[in-house]
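Taking it in order: structure first as structure tokens, then the write-up.
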Amino acid sequence: MEKLQVAVASNFSSTMQRLIPSFEQQSGYRVTASYASSGKLFAQITHGAPFDIFLSADGERPHRLEQLGLVVANQRFTYATGTLVLWAPEARSPEEALQQLQQGRFSFLSIANPKIAPYGAAAMQVLAKLGLDQRFIKRTVRGENIAQAYQFVYSGNAQLGFVAKSQWIDAGDNINGVVWAVPTHMYSPIDQQGVLLKRAEQNPAALAFIDYLYSDGAKQIIAASGYGGLTQTITVE
Amino acid sequence: MKREIQAHFKASRGEFHLDARFTLPAQGVSALFGHSGSGKTTLLRCIAGLEPSIDGSLTVDGQCWQSNGALFIPPHKRPIGYVFQEAHLFAHLNVQQNITFGQRRLKPHERSMTFDDVVAMLGISHLLKRAVTYLSGGERQRVAIARALLTSPKLLLMDEPLSALDEQSRADILPYLERLHDELSTPIIYVSHSQKEVSRLADYLVWLEQGKVQAEGPLQRVMGRFDLAATHGDEAGEVVIAKVMQHDEYYCLSRLQCCCGELWVKRVAGEVGDEVRVHIPAKDVSITLEPATDSSIQNIWPMVVDAISEVEQGQVMLQLRAAGNRQSPPLLSRITLKSFERLQLSVASHCYAQIKSVGLLS
Amino acid sequence: MVMDWQPVWLSLQLATVTTLLLLVIATPLAWWLSQTRSFLKQPIAAIVALPLVLPPTVLGFYLLLLLGPQGAVGQFMQQLGLDTLPFTFAGLVVASIFYSLPFMVQPLHNAFESLGSEPLESAATLRASPFDTFINVVVPLARPGFITGIVLSFAHTIGEFGVILMIGGNIPGETQVLSIAIYDHVEMLEYSQAHILSAGMVLFSFVVLLSLYYVNHRFEMPRR
Amino acid sequence: MVMDWQPVWLSLQLATVTTLLLLVIATPLAWWLSQTRSFLKQPIAAIVALPLVLPPTVLGFYLLLLLGPQGAVGQFMQQLGLDTLPFTFAGLVVASIFYSLPFMVQPLHNAFESLGSEPLESAATLRASPFDTFINVVVPLARPGFITGIVLSFAHTIGEFGVILMIGGNIPGETQVLSIAIYDHVEMLEYSQAHILSAGMVLFSFVVLLSLYYVNHRFEMPRR
Amino acid sequence: MKREIQAHFKASRGEFHLDARFTLPAQGVSALFGHSGSGKTTLLRCIAGLEPSIDGSLTVDGQCWQSNGALFIPPHKRPIGYVFQEAHLFAHLNVQQNITFGQRRLKPHERSMTFDDVVAMLGISHLLKRAVTYLSGGERQRVAIARALLTSPKLLLMDEPLSALDEQSRADILPYLERLHDELSTPIIYVSHSQKEVSRLADYLVWLEQGKVQAEGPLQRVMGRFDLAATHGDEAGEVVIAKVMQHDEYYCLSRLQCCCGELWVKRVAGEVGDEVRVHIPAKDVSITLEPATDSSIQNIWPMVVDAISEVEQGQVMLQLRAAGNRQSPPLLSRITLKSFERLQLSVASHCYAQIKSVGLLS
């Protein structure tokens, strides 16, 4: 039976773990997922990593892979859209969280590294919109990825943090404070895109998995995990 | 107050049991003497404070250095110099740096030895810039001696310091050690298994066997004891104190007076009136019934046989005393049983003891 | 490409300060380990090596918890009226020390043990106090151990970024060290920048290490 | 929670294989370094330590370039009809060896140098060939160096994940070792699982290290 | 083919220049003798192959071991036993493991020494399970000797192996070394600075000074040379080969015949007819003009004065030969100038030489 290797950006890992059982049940295929940052996965894929599908945290890297001709053309698809929230463990209401940010009532603000993580870039856009992007440079700590941005707040070292809504949902009840749901117009959409690698062009399991991602069941799971779930194929410009 | 070193150390190491109690004069040279493995090194280390786990007490010249767990002066605060059995030089320092290591840690007024003297005496001036790795065994040992001397110690501990040295080097160093205790009155505790060295140097002897003190006392008394003499074969003998009476510069001789009679010896260094120590090996004392007149042997004393013991088969040890002087210390003579029978000697026999002058130690 | 020198200086500063402080901390610890007959010797030697077995990021996470405002150490520091350590240069130093400790302690421990007691005893009979002996006899004789400890700690601190990223927060000019900068370039797929920085780092380190080894060689004790 | 033992086994396997191979590789290298008077001694000693100065992920990246299908080594291996190393267990081993080499070489080098020439000369006059001498005299006398090398390499391989993640690709059952698994848990905010795994790892490592030190202690040469 | 060891080594180490060429018999004991730092250890190491950087050539018993860069047999392939100046025991092995280290590397038929013999001879049976750290200096040296002996060497190299040992241990070991070269005809090259040890043991002597061979030859010839004698003060003397003629069990004496006459000595171990070596120290030979009859000295030979030299001021060295035998090897006697003048001795004077029997080495 065909085995399916999916390379998944770390920030989507918990959602992926919910998708896998349901897919496996439906299709009978077995999926193994490898998690790492999109940058690492990109480097690995360009050096022959044995992946069939790559679910990136952004659109840039799948695009580059397409340009390099390593993936099946015209198959790039957005499987999830990230949603940014501002987490304030000490605040009692979303408004207070926003005020805390605007008034600078924190020692450290945590974001993902804007250079390498789409959530970080989005957070910077929000700060710019609020006119705060230059003010807190020395008080802004940047995680390698959105998970570290979350950990900075979780450990109490940062009092505010732009994290992913999916993380907030994952954490469930055992978490303090409130989040301010950042209006989506304040940042360009965090489109998380996926591609089918050339080696898997004929792999029925891979094709089945992509089909599955378009399915309602998958969309539901993704949406419930805190993503603006829309799965669509993007054709090459 | 009497200048003394009182020590008592007790410890068990595997099958080796140390239990040594002794009192040494805190002046002159005391020898720790004994067979290999008898505990000499261990005892010396105790005195230096290098065996803090060994229980014991030690008083040096009225000062308590260690007292059964209650007091323990650490080694670097004891004013000692220590020459280890193996040289133990510092591998990262050259010869000169090794030698001055201790000296540099003294205040100027504490320094009673000068670098130039010590280096010249030990004949190591050509080695000063050398890495210690490139020293020969004997050179190593001389450097170690220099290093210990330059700490200007109040008590010098030496663990067989001359064993790797040739006669020439020994002959250079021994007089210096003698000067050390004569002029600076630095007491020396000297570990050795050479009876010759001991009798040349030591005033006082502690004889160790299996961690216990077997005999202890002034050199003369311990060396004169028959049991000791019997054990140590060829080197048994008597040490007598003699007074310099006259120097004969032409013949290069000195006339000494000792209890038993006159003694002509090779010109000694001292002044007329000085006291010198003379070791008379039992095997160098021969016996005649009549005084020989045409012999190259110059020292002939009339004696009386005081005691007789058979040392080994075929060998007889005679204890003699000066004829007409009941109180004179004993003189030992070892002769063959055959000669003994031929000369028909017995206790109270009168005879003449011949001593070869050049066979004497100064 | 405009070269940003700040991470470079920061890395050098961090590695230097860490190595120096490690010398201060590890030397007595290694000495104690080499001399003691306490039953605590083996457990403590094992504990020193433990930080190594955790993935650096995870270790960083736990340090973050421990040093943070809710952590035991963080609370203690706050009670003393001090700032908490995460996201400061001091925090980086503490984390690096913690993580590189075995690289300094182990070689020193070995070097001290292989000295034996002879040089110590000789020095004691030559009036050198234990401290004097340590400085003037033990340290020079244990030089190879110090060199190894310094090389491993310095190089490891330069290269480490998991713990540092976590504890430092990658604040440009404050806690963004060179290793993080290179990492970022790789993640951003800016490979040519990464190549240049890496090559510079490797070359620089090579020169530093080589000089260190040559100096060490010059002071080497002669051998037969 | 269902415990997934595979990463644990994989980590242990990796650390064991790496340490064993490191012993095989580093021992002759360290011996050569300790004995040679070649001018290459210092440069090679410096090169050995170099992998340390690069952030692990970056090092992994370069290894990926080198070992991958387009890299020099990768092409060579393909010409030999072999698979390329990245994303395989063998690749993990190669990367770990490369990265942990200084942790094994340095302590061994020190230990060998501190032996001096005496034991070698004694052994030679007692009919022992150089190899015989090495096995029966040098190795036992250099035991502390071996212990340190083993501890540092083993612990470091267990804990390392930057290089391994890059070269191995985090493929469950193949290259997903424990450190990566813990890292994943932390990333997924599954802190309790991460705590359990970390605590288990630390505890296990502590027991291993402690036993090693006690065994070492039992064989220690007596000192005065 | 003549059994010989031919060696020539040349090297410079700082200010020390070695350039030693000599030929030794490949049997019996040869001594390397010289002051501290004269190059004895370096030379011995060359012979063992431990100085591969030193250029030279070495042929042992017809086999070439080294030849000016063209050939170099590594040390572990040379069938030697080496006793280092410092014991160099393996710290990770206990005494027994140290001792058998070399033996275990021999094929059974190559083993000519037995463990039990060697251990008993060296008196170390109680130490076998001991860690070497806990040995005393002398114990250490004995273990090192045992270790070298058990390699059943074809050539034994010993660097001052007895210097840390007391008389008792020496007396135990020396006869064994003698047996070694008598029974197993293992040649021994022996480094020593003790003339006494050398004259007791050695057949052949190489005298080194500052890296050069100063004198070389059979012991008798080299020791008899006046210059050598003059240099070494008290221990100068003559070694003569004598034949055992008779044992007197009652008196525990043996009668020896040597070129100059009969010699009664303490019972020796050999059989009647065996040859033994006798060292007659110049200072133990006294001179009379008439033979004393009532003296404890048993050995009195009629001699003729052959040569006279003034050794030091006040000391005269006489070279004597047996009266009526122009070819006899010389006998040395040292007497004081005073006696010399009193006895009116001159070249060709007839006299009697008195030798104290117990003063002789066996």
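By letter and in written order, the chains are A, B, C, D and E; residue numbering begins at 1 in each of them.
Just so we're on the same page, a contact is a pair of C-beta atoms (placed from the backbone, for glycine too) under 8 Å apart; a residue touches a chain by one contact, two chains touch by 3 or more.
Keep in mind that what you see is a predicted model, and the values were worked out from it rather than measured.
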Using direct touches as single steps, what is the fewest number of steps from chain A over to chain C? 1
Taking each chain's C-alpha mean as its centre, the one farthest from chain D: B
Intercentroid distance (Cα basis), chain E paired with chain A, Å: 91
Distance from the CA centroid of chain B to that of chain C, rounded to the nearest Å? 56
Please work out the Cα centroid separation of chain B and chain E, and write it as a whole number of Å. 26
Please list all residues of chain C that touch 2 or more other chains. 57, 61, 183, 186, 223-224
At least two other chains touched by the same residue of chain B: list those residues. 134
Two or more other chains in contact with one residue: find those residues in chain A. 40, 43, 151
The chain pairs that touch are A-C, A-D, B-C, B-E, C-D, D-E
Could you list, by residue number, the parts of chain C that touch chain D in their complex? 41-43, 45-47, 49-59, 61-62, 102-103, 106-107, 109-111, 113-114, 116-117, 144-145, 148, 151-152, 155-156, 158-162, 179-180, 182-183, 186, 194, 198, 201-202, 205-206, 209-210, 212-214, 217, 223-224
Counting only contacts in the complex, chain E reaches chain D at residues 48-50, 74-76, 80-82, 84, 88-92, 101-102, 105-106, 131, 133-134, 147-148, 151
Contact residues on chain A for chain D in the complex? 5, 7, 10-11, 13-14, 17, 32-36, 40, 43-44, 47-51, 145, 147, 150-151, 154, 167, 170-171
Interface residues, chain C side, partner chain A - complex: 57, 61, 64-65, 67-71, 74, 84, 86-87, 165-166, 168-174, 183-184, 186-189
In the complex formed with chain B, which residues of chain E make contact? 13-15, 34-37, 40-41, 85-86, 126, 130, 134, 136-139, 142, 159-160, 163-169, 171, 193-195, 232-235, 248, 250-253, 264, 266-267, 283-284, 286-290, 292, 294-298, 312-315, 333-341, 343, 354, 356-359
